[in-house]
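Across the two complexes that follow, chain A remains constant while its partner is chain B and subsequently chain C.
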Partner chain A sequence: MSLSQLDRENRAVSAFSEWQDSEGRVRRHYESIAEAVERLGPQEMARRWGAAGRQVDFDAFTFYLDPRQYRPAPADWLPRVIPAEHWEVISAGVTQRLKAINRFLLDLYDGEQTIVPPEVVFTSRYFYPEVQGFRPPKGVFVHIYGIDLVHMGEGRYVVLEDNLRIPSGIAYQLKTADMASRLFPEFAQGYDIRPYDIRQGYLDMFRSLCDVESPVCVLLTDGKFGSAFFEHRCLSDLLGIPLVEGADLYVGNDGRVYARTLDRDIAVDLIYRRVEDLEMFLPGLREAYLDRKVVLVNGIGSGAADDKLVFLWAPQMIESYLGETAILEQAKSYNLQDAADRRFVIENLDMLVIKARQGYGGLGVYVMPDLSETHRARVARDIIENPEVFIAQETLDFSDHMVFNDAAGALERRRVDLRVFAIQDGNGNVTVFPGGLTRVALPGGRITNNSSGGLCKPTWVVS
Partner chain B sequence: MTMDPRTIALGTDRWLTDSRVYNLVWLGRWIERAQNIARVLLWAAQREVDGGAPSMEEVLGIAADVRGVSVSRGESVLDALLSRDSGASLRGCLVAARYNATHVAPLEVMRHIGGAIENLDGSGGAPSSPEEVAALMRSSLAILDDLHRAIEESWFHTDVISEEEVYRRFIQQQ
Partner chain C sequence: MQTYLGGELDCRRATVSYIYAARYGYSGDVLHNDNQIRLFPREGEGQDPLRTRLWTLPRGSGVEYGDRFGNRVRRTRVVEPHRSLIVATSGQVSLSTRAPQPADVYLDEVKGLAEGMEFVMPSPLVDPERVSALAFCVAGASYSLLEVAWMVTDWVYREVRYGRGATNVATTADQVASAMEGVCQDKTHLALGMLRALGAPCRYASGLLTGQTGETHAWAEFLHPYEGWLGADPTRGVVNPPARDYVKLAVGRDYTDVSPVNGSFLSMGTAAECAAIASVEFGETEATLDDALRLLEGAYVVRNV
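On to the complex of A and B.
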């Protein structure tokens, strides 16, 4: 079928469209949604989009780019549909990668890892020398893992980045899926959407990491002006654990972490931390963690594997620790400290993506084909002067998806990525939550991060 | 609160931490300020509609002075009290209240604050005549009344301690 009323803005953006085949026919797993869209028509779609936007605003479903500016999270409500056979590959690949990375971190801080060159791993901003010799509770550094994937077509998903410090987005995944199911029930008709239970998964994981039966758990936030504060509040409500700021906690004389409350001070067993610079928020927390007085999710030091240069060695980690070949391929990346790589990058700069090693949220990412000549020259100078700060990655022609432009009353194609979340408990069990958060790039762009203005999109895995 | 914290740790979010109490108190203060500004604007506008003197502009000038709001050149006193981007205005108070609400308040309360802001923003441009100001303030106060009801019905009646008790303990701690 085609979408007669709505597809006038339907210009090709990438070689592979999630929604339709190369002939312009809607793919089979999108037919029900496309029929619902056709039935609703542009006016009703625009009205519903407006109502959804109002609810996003009223529910404080926000993602702040500027803490002084209240900003509802931009979203598109046309669901992304991932066929179950694609998901099985993604899920297995994410599980494999998470296990290997955790093993790498254990070896790294045991002083035994030999996969990543020392000059790479020891120059990572998030390598913490004080963690050396420390084994985290139950041998788990990475409890919550976010992996950024792009779809190249026909079930070929490629890893762009690993997020191992404080990956954000799971509440956005929940909220967009929840709102889409309530506000656009017709989209879900005819689909067998795979369910998941984040609450139970997280609470079981927290319990498995502690030696007490009912651990006291808190969520440490950077406060209500933080960009993803919505997620902190949402997860605190969902999990039923108190939301605390740094000033609510202190490290007692016995080395334990306590929460100050008006009634009394309460010892805390586990902190689900949503801040990176722990010492800034709670002086002494690092020592408390290293003295095993408190469990941190994720563990201090996990960011060493979050480094975009360390990323280059992930396939070798999988081979070495698990004796397996990587299920998910990853974007070809270049180490600018290597003379041959650097020469290649300089010669082919126009075709590559340059990323700051420690960047996040789309910051420090330069898609060279999309930049002006002047901007490109500036980045080239930066990487020649500071090769240790950057990596280069091939520019991928990843998939696009239909979004509804309510102002124009038309569908349009925009590039999308997929952030998938997984957790690892104290027994080494990994759970990958079906779907993930689909993020949509701005028109004509490739950067999908919410921090760079990307939209959220509901995502389903369907049988 | 006499519950064993371990029994509530995974079940509720009722700890009265400093940050929670801070946000509760300021949420209340901002809403109260918003209500006060709305009442002053309504009174001033209605007085002029009813043909009374002094004019709305003069009354609002006095109100601004009393509140310590300085009106800059080119700005009307009505704008300063209604929509200026600061805690001096009705809108500014609601925006500040919404930030505090995002930390502590149930969804129902956040929705009412969002409704009050939308009511101001969606009024088809800034009101200028006393009739328009009065109508806008009536609708704003009605939403704020609903907000109070929501606070009482969906929040404190189900909380483990009362609003007064929160406030009392907070004052004691200072």
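On to the complex of A and C.
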């Protein structure tokens, strides 16, 4: 079997392919994987894909959209390979951005921030006035950070979004890479894949935030019907911390948070929370946090900087707080509340991406060039009527990658993005986990979120 | 007999004192209640706020900012469990008593103004296209801005019956045109739609009627190339009223931009009732929260909102 047969769906999707150069030659850092694919051939590849799918079922590796319906996390097992020289830039850029955003939040809640206009930041849904005057433990608001990047080619990575509230996906990064190495060992042969230790990183970070020797930490989930419950379960196993729901916790008379166990109730030092509306899950938790009786990861109020309109000012945050220029560029974005921006957007609507300010999971994202005429008119109408709800962004021709279509027995090109995870500890040290979660868009599309049907891909950084 | 003690007597200004209070009742405990409150008098256009106070019960925490229409907004988040939220405000405002005497201009002269761009476009409750035929029937023959403003205002004032029942806060301009009945908000929306269809940039103003106790009021303002924004009140049938007629609280494209308390709450229950009342008197009296609460006792309560 030759690769050219596998390759019959090889139609260009983007101007830049991760897998091959413009002449169709496989790029050097993919040569070894391409050879393995060729050796396996389409039948064997399809068989392996089926086996991997069964393993996903056995492990209950899921991403739920509807709690009534079992839904395995869709994955493609051909790895994405990031050359080390690209990674150094990504890693430095992510670190810089995380530090600047955290400084902004400290300034916003307990300082005199003047970078983002008040009518922008104070209308962010996740800006919480009651946090004003509060400084989180060790001065860290954002402990876990997920940043969405796209690759424009030749090592030029562009930021699309910051996820600062309860970013999900790190367990998907871990699980996809782990399954790929077990089920497709031939792909990894000959690569020096950069290792990382999420368990140690998280636990060290938790410890650095608490003033006791061995803090009691729990993971607060919104329950088994939540879309990322797999991740909550997986992280609780990995970190060795109890998985709790709101009903397992209560706030005691001393203002501390307690977890009910079969023997006795245990005071909790740190809650790795995976829910946003805390008071719905545990009344009194906010007060306990603001009284410094418990540490929350991430801090309450960090979502103020998660707003897609506040995003526009991130380069100024980097300049003002760190005295540096941004290492990673970000998608050019437009504020529809500004008269000049609004005029530009209305005149150039067909070229832009429209996003809801508070949207997540790819919901409320409209890639105008990819929409039908009638759908476009509807979105146009919506942003004219409700300019305060949306932002506009340039449409990027970001990279594509090969995906194996097991039904057709062929490779096909689809766009990919990259969500990178970083953590920040109580000493202000940032760790960026090499690789990240590569998400694959639906055929022909640009939206890669799992909630919108995207696939996960194992992602390696190689030297 | 009047005795004026101290200061300079200025018959071109009048000082008024206002109180506004609203209560929102819920059928279950509300865990958090996050609102943007637009209840501060605007500055300028013949109106100078002298002193303003705003309370919420429970108290909550808040921030203030100016929105893109220049309205002063307080965002308040109440995070202690509650079954009713009270928003109250009081203050004194100095108002101009002079009615503007604008020169008439061609309608075309306001069409290209950058300031008016946003105010000829469709907004959530006002789609000019849907009342365009009506607008041209009523005032399509005129090229004069003031004449068009007068014809539309007067037509809505005379032809649309004043009454509640046919409409609610979400009724659109074209629905008002079919029902031909509504309150000040509805009449204003219809007038805005018609003026926009004819090419006149115009905005929604909300506030309180001076010398009265009762509800809040709404009227339209159209853009004049030299005088700025001028009033057109289709509920009272008045064009170019003096600033002293109103305490102007907020302006926007339609009601959705200016609603006095706008936000969201988290609760197992629902919004069950709402009561609101406003009072504006001439003179400088200082009203306290207790005065506002007393006033609120006499408010008309709307249930099952």
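By definition in this document, the second predicted complex is superposed on the first by the 460 of 463 C-alpha atoms of A that agree within 3 Å, B and C clash if a C-alpha of one lies under 4 Å from a C-alpha of the other, contacts with A are read in each partner's own complex, and residues count from 1 in each chain.
By definition in this document, contacts are C-beta pairs under 8 Å (C-beta built on N, C-alpha and C of every residue); 3 or more make two chains touch, one makes a residue touch a chain.
Note that this is a predicted model, so its numbers are computed, not measured.
Taken together through their common chain A, the two structures put chain B and chain C side by side without a clash. Contacts of A:Pro129 after superposition on the shared chain: chain C is touched, whereas chain B is not.
Once chain A of one complex is fitted onto chain A of the other, the partner contacts of A:Glu385 are limited to chain C, with no touch recorded for chain B.
Of the two partner chains placed around the shared chain by superposition, chain B is the only one that A:Ala60 touches, whereas chain C remains out of contact. When chain B and chain C are set side by side, the one touching more residues of chain A is B.
By the touch criterion stated above, A:Glu245 is placed in contact with chain B alone, chain C being left untouched. By the document's definition of touching, of the two partners only chain B reaches A:Lys224; chain C does not.
By the touch criterion defined above, A:Arg286 lies against chain C but remains apart from chain B after alignment on the C-alpha atoms of chain A. For the pair chain B and chain C, the minimum alpha-carbon spacing after aligning on chain A is 22 Å. Applying the stated touch rule to the two superposed structures, the chain B and chain C interfaces on chain A have no residue in common. Here chain A touches chain C in the complex through residues 118-119, 122-123, 125, 127-130, 132, 277, 279-280, 283, 286, 337, 339, 342-343, 381, 384-386, 388, going by the rule given at the top.
Those residues of chain C lying in contact with chain A across their complex are 31-32, 34, 36, 60-68, 73, 75-77, 79, 81, 114, 117-118, 121-124, 266. Residues 54, 57-60, 62, 70, 203, 206, 212, 214-217, 223-225, 229-230, 233, 236-237, 239-245, 247-248, 259-263, 266 of chain A are the ones touching chain B in the complex.
Within the complex formed with chain A, the chain B residues making contact are 1, 5-7, 9-21, 23, 95, 98-103, 107, 110-111, 114-115, 118, 166, 169-170, 173.
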